[in-house]
Amino acid sequence: MKTSKIKHSSPYAGWLLLAIALLVLAPAVLSDFRLGLLAKYCCYAIAAVGIGLAWGRGGMLVLGQGLYFGLGAYAMAMHLKLADAGPGGVPDFMALYGDAAVPWWWEPLRSGAVAVVVILVLPVIVAGLLGLAVFKRRIKGAYFAILSQALAAAFAILLIGQVKTTGGANGLNNFQGFFGYALFDPANKRMLYFVAAGILLVSILAMAWLHRSRFGELLVAVRDGEERVRFLGTDPANVKLAAYVVAAVLASVGGALFVPIAGIVSPDDVGVVASIGLLAGVALGGRASLLGPAVGALLVGYAETSLSEAFPGSWSYFQGALFVLVILLLPGGLAQLVGMAKRTVAHRERPALEEAAAR
Amino acid sequence: MDAILAQVFTGISAGAVLLLIALGLTLTFGQMGVINMAHGEFIMAGAYTAFVVSTITAGTELSLLIALPVGFLIGGLLGLALEASVLRWMYARPLDTLLVTYGVGLVLQQVARDVFGAPAKEVPAPDWLDGSIPILGYDFPLTRLFIILLAAGCVAALLAVLRFTALGREIRATVGNRDLAETLGISTRRTDRATFFIGSGLAGVAGVALTLLGSTGPNLGTSYIVQAFLVVVVGGIGHLKGTIVAALGIGLLQAFLAHALTGSVAQVIVFLAIVAFLQLRPQGILSVRTRSLA
Amino acid sequence: MTLTVNDLRVEFDGFVAIDGVSLTLEPGRLHFLIGPNGAGKTTLVDALTGLATGSGEARYRTRDLLGLASHTITRLGVGRTFQTATVFEELSVLQNLDIAAGVHRPRWRLMLPRRGTPERVAEALETVGLTALADRPAGVLSHGQKQWLEIGMLLVQNSAVMLLDEPVAGMSAEEREETGELLRRISPERTVVVIEHDMDFVRRFADVVTVLHAGKVIAEGSAAEIREDAEVQRVYLGDTVADMTETRAEESA
Amino acid sequence: MRTKISSRLLAASSVLALGMTATACGGAKTGDTASSESCLDTSGDTVKIGFLNSLSGTMAISETTVFKSLSMAAEEINADGGVLGKKLEIVSEDGQSEPTVFAEKATKLIQDDCVAAVFGGWTSSSRKAMLPVFEGNDSLLFYPVQYEGLESSDNIFYTGATTNQQIIPALDFLKQEKKIESIFLVGSDYVFPRTANKIIKQYAAANGIEVLGEEYQPLGSTDFGTVVDKVKAAGADAVFNTLNGDSNVAFFKEYKGKGLTADAMPVLSVSIAEEEVPGVGVGNLEGQYTAWNYYQTIDSETNKEFVTDFKAANGAKAVTSDPMEAAYTSLHLWKGMVEKADSFEVADVVDAADGVTYDAPEGTVEVDGENHHLAKTALIGQVNGEGLIDTVWSSEKPIEPDPFLKSYDWWKN
């Protein structure tokens, strides 16, 4: 019992540290612009938390999370465009590129409540149907990874092709307000930051719960021995499906928050490259750990910004090297390092237990 | 009728391009389960090889023919280097190779950008590939005909190597059953390296050929890699025949859809069709039966 | 619970692995399946647990097991283990057993964390003798301990039929002895079927022995009866050379 | 354990709620007006300006050259004593060919670096992404590339051509000089080609030209077999090409491979300039037409000097092109505006903009204070055997910018 206590209490200590850093420290020391960037990283981190569950815990290499990030982002962006246009109004870009008529599938998003529901439910439906089709047919491993990547690619191409209704390669931008709050006001941007950071912290807590739940244990079991789980009376497809859907919803929420914070969403934010980019932070932080994916995503976001400011073009080298070195040498990510450090500290307690195990 | 014929030709030549690109992947993916995302960058390396060769030979008529074997060598050596430095440590984690090789691809792209500069390079086609020949009343560009022949040649050469050489037998034995091959005294390490060399070399050849159709730039590989993997997956991982069928099938489907609809919509439909196809045949067009569990 | 197999046939690409096997597996006795390598023992178990498709009938209670999904078969109460023990190495022994106990829980309870050790799990830990190691990751267990853990997983599932694929292979003599005792302890209330090679072990613990050869049942009876069977002797002695090659084939498959 | 977690959860959420209410209270509601203060510091002897170009990603091919010509202009200005006696201090950011990054970096240049003006952008999507940033922060962007028109912002100066200075003159040329009666439209699938083709179709309808086909390929697509088959089958008198980047290479190789020539079926391109020609291949392009407002071959003293200086800075092989020239000109125009206003303040610069002229390599250009575009001369060029472009037709005089095509009665949006 003692060991389990050590194991479980530390993530919460880490969570508390992260919470203090995000909610107290960062707003105190960062300029509005830098805080806005941090808000953006938080959106990526929310998606990363979901990837941690699906990939780290569930073993599904989700190469196409941009699809769900994009569903949430575009749903939110469409709502904001319609809200800006006012009741019955037509978004500016439609008048410019199209025939100035709002398509039927845009209309429901005029309502903020519907938008929120869409952001939360649409990924459940899409990921649910897709997951059902894929996992029940036992498509897994590389097949699944490549399929999910192809879907993200198809989604981006589709968006680019529909200039009149999605803004095409330009994406959607120029939002004035967010549920009644003017987006030009720095105070409101700070509010958005707190919302993003708050949702990130809450989603990590939710993930902590999932990790500790029987579902979390079952998911790891499915990852390590999918076929074996069948003989324990559980269809692994259902377990994977659940994790995949949770990851999709988190990506969607991250995408939805990204829109008012970044002020834009474009097909570049949802395509193949963006989708793999989301994995970088998860790999760095430690895919299977609780805090790793979020912390990794924040670090990678920060590194990308500062490196591209200092040495344009070097980001490719850095991201490339990150994938190679971390996955080759440190598959557990930074969390593995932390774990190693802790074990060294706790070394004295171990021998007795080791002996018991060796028996 | 003419339109249908034209699309059949266009589809076949698009399929030949896909086949050239996917051929190497079938080998590396099929034999070792390595998902080499840097395959696209090996193609890019092949294209730059063609550029360098054509610069050195000052655009002589033979530069393309010289570039093909050199491209094979360059692609193959890059593959060897990747295998020896990174992949050999990762055979136990095939899924992770996807991300590692993606990282390698990113680095190679940026290297190309720094060495050759961002602007695209033009590799002039030799005069003997200038123009077109009429086939059934359709003007078939010689460059595309060349690519179809090259793809066919590569398939034939690969088959010959697999069938008739000792190396080929070892490769087939290892693909068939790694452990058994090892107990029979085959050095699977060496076979792995050889396979990777050939597979990556084929990427180099594809790169040289692609200069006949498009531009040579750092992003050359990325535009093909997703499609190439889809071809391999649809064909059934590790199956040459399946890959051929899949490449031609996807090429034709894309050509006809692009003719009837627009290029963007065609691409989306092809992607979705593949997802749907894998619902029906999760193991691809051809599949192996194994007695093993899991 | 009796499991009745009727004229079971399994084919792979034209190769007939099981060729019309009929068997009655009854509760309360230790039933051993023996036969040379390639005889179709594992394939038989595969067919009964949804891993291989076969024709014929495998009646258990009111259902025909052939054609059912593996997890459904497990939920009906037919469990199995594998030659190479497959446990979840990163999870603790307790977690391994707890997951196996999942068949008895309503699905929504998956969302809750485990608290303490469920009674059923505690019993199984005690039965297989792993109580002291409950919190250790299953990956650090010895080979024998992993097999016991697998049997423990079947116990918490409360499987009425247990199909064990070479549970004592690679165990020390002492471990074999313990395993045999364990099998004796659990067999009275259930149908226990064991695939085994070690004739010594079979002789010591078998109540009933069925001999398979080339996909067919060639003999059935007590260990002593089997030993006297001429057909069995011919198969075991005459096929020594063929045996060698088949070993490779099966290991690689 | 459980109670501990929930008490932490409670604590956490209360902190969160506190933080949110504390910050949310002061927030403005939609409908209020923005009032942003620039943090521009002009007290020292330098003034900061921002260059925002894609130095990585797919657009680096084109935008790197714009960056080079901007840098050259800045050096010239500094060598000449700077602007209002202050040397220019360049802050350069990489747009990474992604609209989202453009928006982020523009914000950084304005809010963090406090630059007086930003120069850059290339694709329409990069401009559209930056527009709300510059309007929201009341700052200045100089955008150097021809574009699809139908836009005018107080905070942007457009120093490339709008449609009535490039696309419409190109159509005039095809109609009057080439006497075409039919045309085929080929473009990449994004906003510029679609908008341009919308204009072309209305022009064609009003001028008795038949549009025989309209094809779009995904950005970056290199598979043009089907498209060229359709072009060939349609047999139009000319092709209007709005393809972008790499797609041009594949298109022209396929075009030539299928036996189509500049004589039989000329292609007029609006996105191929001197620096793209070598990539597509001179052999594939020779004899085809382009529409711009500047070519390296322009015979004037100013241009010769510009070309010589550019080659001196970037090597003898470097070529000059329309967007580079427009970028170079934009920095000089800004200098003219600032000096006329005698102030770096955005409002003063905008007020002073009308009528500012610059003797640019393409000829003298003049800023229209109303719509922030330039009066420019349209030039139709033909690619020659050396990969340069010769002027074969030009508008009689600089064309006044008309981004919304108000003076064309056939146009209805």
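In this document, chain identifiers A, B, C and D correspond to the written order of the chains, with residue numbering beginning at 1 in each.
The rule is simple: a contact is a pair of C-beta atoms (placed from the backbone, for glycine too) under 8 Å apart; a residue touches a chain by one contact, two chains touch by 3 or more.
What you see is a predicted model; the values in this text were computed from it and never measured.
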item	value
Chain with minimal offset from the mean of all protein Cα atoms	A
Chain pair with the most C-beta contacts	A-D
Whole-Å gap between the CA centroids of subunit C and subunit D	72
CA centroid of subunit B to CA centroid of subunit C, Å	46
Chain centre separation (subunit B, subunit D; CA means) in Å	36
Inter-chain centre distance, subunit A versus subunit B - centres from mean C-alpha coordinates, in Å	32
Per-residue overlap in subunit C, given as positions that touch at least 2 other chains	82
Junction residues of subunit B - those touching two or more other chains	110, 113, 262, 264, 267, 293
Where subunit A touches two or more other chains at once, by residue number	157, 160-161, 227, 313, 316
Subunit D partner contacts - residues on subunit B that touch it in the complex	2-3, 6-7, 9-10, 13-14, 17, 110, 113, 118-122, 124-125, 130-132, 139, 141-144, 212-215, 217, 219, 223, 254-255, 258-259, 262-264, 267
Subunit D partner contacts - residues on subunit A that touch it in the complex	5, 8, 12, 15-16, 19, 23-24, 27, 31-34, 36-37, 40, 83-84, 95-97, 157, 160-161, 163, 167-171, 173-177, 180-185, 187-188, 190-191, 194-195, 198, 201-202, 205, 208, 262-266, 268-269, 305, 308-309, 312-313, 315-316
Parts of subunit A lying in touch with subunit B, wherever the complex brings them together	59, 61, 63, 133-134, 137-139, 141-143, 145-147, 149-151, 153-154, 157-158, 160-161, 226-227, 272-273, 276, 279, 283, 313, 316-317, 319-324, 327-328, 331
Contact set on subunit A toward subunit C in their complex	1, 3-4, 209, 212-215, 217-218, 220-221, 224-225, 227-235, 353, 356-357, 359
Residue numbers on subunit B that touch subunit A, as the complex places them	29, 33, 35, 86, 89-90, 93-96, 98-100, 102-107, 109-110, 113-114, 222, 226, 229-230, 233, 237, 262, 264-265, 267-268, 271-272, 274-275, 278-279, 282, 293-294
